[in-house]
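Beneath this line is the structure, given in structure tokens, with notes to follow.
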Amino acid sequence: MNQSSITAQNATRRIVKRSRRYLLSLSILALAAGPAWAADLPLSGGGKEIVVLMPSRSNAYLAQWIRGAEASAKEDDYKLTVIENNFDQTEQDSQTEQRIALPHQPAAYIWWPADARAGIASLRRLSRTGVPVFQANQAVQPAAKKYVKAYAGVDDFFNGQIAGQNAEAARAAFVAAGNKLSSPGGNLVILKFIPGYSAGDDRERGFMDATKGKPFHVIATEYGGFDNASGYKAMSQLIPRIRGQGIDFVYGMSDGPVTGAVQALEEAGLKPGKNVYLVSATCIADISAIKSAKEFATGVQAAGLEGWFAVNVVARYFAHGDKILPGTYIAPATVDARPQFTEPPSEVNIIPNPPVVVGTNAADAPKVLANFKLWGQTFVDHCVY
Amino acid sequence: MMLEILELSKSYGAVAALSGVSFSAERGKVTALLGENGAGKSTLVKILSGLVVPTEGKIALDGHIIDTSTPDRASKSGVAVVQQEISVLPNLSITENFMLTAPSALLRRAKAASACRAYLDRLGLGDVDVGRPTGSLSVGERQLVEIARMLAQDAQVLVLDEPTAALGDRDIALVHQAVRRLAAEGKVVLYITHRLNELEEICEQAVVLRNGQVADRFATADTSIARVIYAMVGRELNELYPAVGNRAEPDGSSASNLVLTGLRTAGLLGSVDLDLKPGEIVATAGQIGSGFVEPLRAVAGVTAMTAGTMRLQGKAYSPRNHRERCSAGVAYCSADRQLDGFFPDRPVWETMSAPALAASGLWGSANGQRLRRSTDRLADRMTISLAYRDRAVRALSGGNAQKVSIGKWLSNDPQLLLVEEPTRGVDVGARAEVYRVIRSLADQGLSVLFASTDLDEVLGFGERVMIFHNRRQVETLPASALTRDKLATWITHGSCNG
Amino acid sequence: MVAAMVDLSGVRTTASQSAQSKGRGSVAVSLQSLAPIAPIALIFVIAAVAIPGFASGPNLIAVVQASAITGIAAIGAAAITIVGKFVSLAIEQQAVTAAYVFTAVLSIGQPVAVAVAATLIVAVIIGAVQGYLVARGLNPIVTTLAFGSALFGAVVLLSNNRTITLRHNPLAWLGGGTSWGVPNQAVVFVILLAIGTVFLSHTRLGRQIVLCGANPKAAELIGIPISRLVIIAYISAALASALVGMLVVGQVSQASSNMFDGLTIDVVAAILVGGIAIQGGEGQLWRAGVGALILTMLSNIMLLLGLDAGVRLLLKGGLAAAVLLAMTVMRRRSR
Amino acid sequence: MSRLDKGLGLRLGLSILLIVICAIEVDGFATMATLASIVENVALIGLLAAGLMLTMVAGQLDAAVASVAAVSAIIALLLGPYSLVLGIVVALVVAGLYGCGIGWIIARTGVSSLVLTVCMLIGLRGLALILVPQSPAVLADGLLWVSDGLVARVGPTTVLGIIGLVLILALGLGMRCTRLGLSLYAVGGNLERARGSGVNTTKVYMVAFAGSAMLAATAGILAALRSGSASGTGLDSFLLDGVTAAVVGGVSLEGGRGSIINVLLGSLIVRIIAAAAALLGMQSSVESIATGCILLAMLLLDDALGTRRGMKTAARWRVLGRPLRT
């Protein structure tokens, strides 16, 4: 084991410890706030219907989300109906109108707005049916809080924070490996999703928040899309412009664009994992970059787990007699088994988003990944779909 | 009281289409406007209709200068033009076409229908449903609708640009009747035509344009056709129709090229028979709708043969598509060669070489230079000027474009040439050229079958004439046995004793 | 005598005049054919002077590289334009289909040759079906739109909405590698452009495709098999899309449903900005490649200027419109 | 006449067939509520399709409708806090002026309208993103009653549905009963001939594109009011929805043909499928297969019935620029 990888491992441990502590304290808080019914409650929905209004599963992440949600519904004996729109708010509005108008209303609605934060009037009309509405994946807008019982899903701000921690670890390892930072904080490129997609803005804020102690020097922020090809295209065009300044770090909003960026950097003669470190906090589908340690660290934001969790929150809401606890609850990132969720859901329920730091040693990376477990499932189970 | 054209000039860049044209046309008379293609007629018409603004000059009606700077203003000034290309909208009904030129912003369909009914009646279209889309009418009927529409505009100056070019005899008579009535109503009528016989029939005076200038003016009553032609082409035209050359036939009974026996199609009520020898030019004549184009189209494979047999050089022949026809050595030119005769935006040589290219199949290389050179011989034979061979066909005059669209077939060495209306849209000078070229091809063994509504052409250019009436072949006679009157009687009555 | 008279009626110019006008004509022609180059050159010069880093070698290679995918797809799609059937609106969907077929066959353990063959065969079928429908007289825009929609749905459904990631990527060298410092994608692009250009002017098939687009009625009358040519054009467009699909898989080692978002619009824009007459019948294939280059250069310049996404789109649309209008006006003048 | 009837009959038949199938097969389809919602959406998509029909009948195509709708909706909602009415008026005026400009350019330069409007599609999307770079423009709480008002039920439809249908029918009436409307068909039938018949083609193009832009703006504003928000990336699907409805409605891309009733039926067919898919919780990929197949079937049926034949040679794709013969 060489020096750099030991430093990296230390950094990893520190991050994991810190975030564990953070998560633990949060969950304890949440536990303390609720009454302590420790007894195992049966979450049987008796075959009642939950209607999910969401964008199309032609996107792999959403498809995996639905698989998780369906598994969860099966466990808790709910019937899940997914009404898909083609990432189109107008279509979702009409579908909402149609569903609301039907005589047989479901037990609950899960609302995943097509256009980030949009569709507020439809959400309001959903809530007026008297059927509880839960929002998924896209954070609830302040103006819409009163229409939503609870939120379940990812927290893009939190995801950004994890990425920030990953980036800090990367910086430590970068320096420890004997690389010289191009600027005091290190030069950073941010690859955001697409214009107008608010998750990207939230993640960027989270990232900045986590690194505000010693901020990175952001030399470029570019839209890198959701997949490898877009990330590649963005990065390869960006490199000639910013190369002279020195590229130390790349923060991609997910592993898709990061994997593309790795390719672009390599073609430009840079060496990801050697003289440029890449981080993200969302693994998605393609794990080749992290597996070869060309990506320094990522995070497990598992689509399937998110879908499972969303339906579970609904089920728990009913099991506890329509009870919602105030505040935010971040589900614990337990390793070997899924935690027992016995308490009523909170207003905001966030899935765990544990960081995965593989460092820079390609030989060790597969091992790190193989050893990783979240809720009893491996990295591959969560991230490859 | 008259229309006066005062020193009108129009240049396109360095080329002067009209230079200082002045003449007048009286009310109550039909004034013929003559000239070859490119003489400046169409520019003059465009100026009158407001589509083109003259470089210099004015137009006066009854002593007042009128404004024809846009189509709208031209029609407000009382000038109405029946374009050479019919401007009736095919997707609109007859009534709608009328309403299009009506002044009111709101449409009153019922009223308009009865109004246009009256005009149609005047032109003999009384039995046509005014709700029909004009696209479903025959060309002649559309032309009449066009004239009717112009009548409805209450125009003072009526310009008719070759209104009878596409019409059969019956329709021509209708148009003439209409034109005479218009003149009698005291309107100025400018009548453009290539049919010289129309001069004596309906025109009282004539203006001849040549090279953008007025070449001659005369009253038609005391003018010979020779003077007209001289004024148009600048020289006398001795032989419009070339003589039959020395046919290279060893004996009188040479093998037939095309034999039709008992041919029937959906468009025919009777069967057609024909025996076409190599080097022979045969015409089919009849009124529009009489079925006279059917044999050509059946041989061309455009319409299906329903009964009978076709034999080409002794072999059974029934083409299912144009490819099979082409590979059998049969060339076909439709009547609308502006539409399907050539590739307007490509150089002339590409059109000229296209049949050979198509015949060579899809696979293999094609050398552009070689193709270009191979067309030189054809272009020479078609007397297409060297300067034009690399130009787009679009840039050519009507006559030259016709030569290209017929001449292209030579690249394929056809045995049989089928032509509908061989000289439609071709002026007198170029027309002689087209005849001469086809004749010389025939003299080298090509058989020609052409369909024409121009009786002079049928008699002058055809060696034999297949006469059609009421969708039946009524007779086939040597052209020498016919006169214009006799032929007219045949095609209108289906017999020689009208 | 008669010949002279015909010249009088038709030509009405003396020999020297006609030579002169021919000379003018050829000047106009070359100006017209250079029209798409002019904006490129202008933009290039301005950018090279005004923007640091633009004229650097790596940046220019990046531009060519970034235009390669659009360009390759545009070369194929240009066949549809040239044969007179406007454009295909199913380019994205064809590329996605190819990407999925290719990765699916590879991931069940078949050798790369089998995967390539399968992808190309599927492309030929897809192209032939569309070509057949359009040759029957169906509206090409709507047909490809509808077909693309159905195709995309079918592929997504069959793939069970999953992304397929390759563990071992046998086409990585082609999709991502470089030869003599030039990305292989760009090399493929340039080679295809050259092949296509020669094909159109030097083969019977190519020349007949051009004639078919110039006037389908005339082409049919002289025995050119227009239905077959239309089908061939659609097949070639599908094959180009398939190649794009495989190249991108080679580059990113995965197939996902949204990997070609926006490709169709890019391709259409490239064809049109390059100046291929949309009515068909103009056989200058290189224009498609030039169009792709112009567009990529525009976005590259805006990226170098660090403009915001909204501003970038606004300028892209505006500049494309300006190039288009300038070219339209120039072309009309030269006629 | 008979040709029109055949097309109308085909669409009417298909609509009825679909309704019967859905009523039997899809739970909850045969309710007044579903009907109301379908009619509402038919009106919304119909507005777009009717706008597209204006340009398509004139032989052109306005591909920028989606971006125009988005920008207009954003303008209206951004100005909402001051005065919603003002916002809507400004948005419509801006759209109208834009359309006039585009129509003028197309008439004067003969540029391919499809290509030019694709450029506008891209450019205006950029403008939308500039106007609302991050979070969408939202309807203030105090104005949410507007949104509720729009979806309030009125008989077999909603207020939004009635607004849309009234506008569409008014347009249909205008196209049938004014000379301007007839001129649109004339220009689409044959540009040169229309000009020869004294039609002011520049004016016709300006009216067509201004109408198309304003109808798209209306649809965009209505959709945004209904959902209470307008984002920079929103309303993207409007182009495809509108074109699909118009084409299923038998509007010919060759120009010169199309009727409002058929367009409404086209929108209805498209929306019935969408509604059934939503009620069944169908995967969107299945829906896109269904839509694609219906479109193809429609084309093939029209072709077989000959409703599109006959005039192909007359008009040649003017949407692609100047016609072959000038």
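Note that the chains are named A, B, C and D in the order they appear, and that numbering of residues resets to 1 at the start of each chain.
Just so we're on the same page, contacts are C-beta pairs under 8 Å (C-beta built on N, C-alpha and C of every residue); 3 or more make two chains touch, one makes a residue touch a chain.
Per UniProt, the chains are B = Sugar ABC transporter ATP-binding protein; D = ABC transporter permease.
Keep in mind the model is a prediction, meaning the values are calculated, not measured.
Common neighbours of chain C and chain D, by the contact definition above: A, B. Distance from the centre of chain B peaks at A, each centre being the average of the chain's Cα atoms. When the C-beta pairs in contact are tallied for B-D and for A-D, the bigger tally goes to A-D. The distance from the centre of chain B to the centre of chain D, with each centre set as the mean of the Cα atoms, comes to 43 Å. Taking the mean of the C-alpha atoms as each chain's centre, chain A and chain C sit 38 Å apart. Chain geometry summary: the mean Cα position of chain A and that of chain B are 75 Å apart. Looking at chain C, one finds that residues 152, 156, 161, 215, 217, 277, 309-310, 313 touch two or more other chains. Annotation for chain A: residues touching 2 or more other chains are 57-58, 195-196. Residues of chain D in contact with at least two other chains: 129, 133, 232, 283-285, 287-288, 313, 324. Applying the touch definition to all chain combinations yields A-C, A-D, B-C, B-D, C-D. Put simply, chain A touches chain D in their complex at residues 51, 56-58, 81-95, 97-99, 101-104, 115-122, 124-125, 141, 143, 194-198, 201.
Those residues of chain C that touch chain D in the shared complex are 86, 133, 136-139, 141-143, 145-154, 156-157, 161, 215, 217, 265, 268-269, 272, 277-279, 308-318, 320-321, 324-325, 328-329, 332.
Touching chain C in their complex are the following residues of chain D: 105, 109-112, 114-116, 118-131, 133, 232, 240, 243-244, 247, 252-254, 283-293, 295-296, 299-300, 303, 308-309, 312-313, 316-317, 320-322, 324. Those residues of chain D that touch chain B in the shared complex are 1, 176-183, 185-186, 188-190, 192-200, 256-257, 310-311, 313-315, 324-325. In the complex of the two chains, the chain B residues touching chain D come out as 49, 51, 71-72, 75, 81, 83, 85-92, 96-97, 99-102, 104-107, 131-132, 135-136, 149, 338-339, 344-345.
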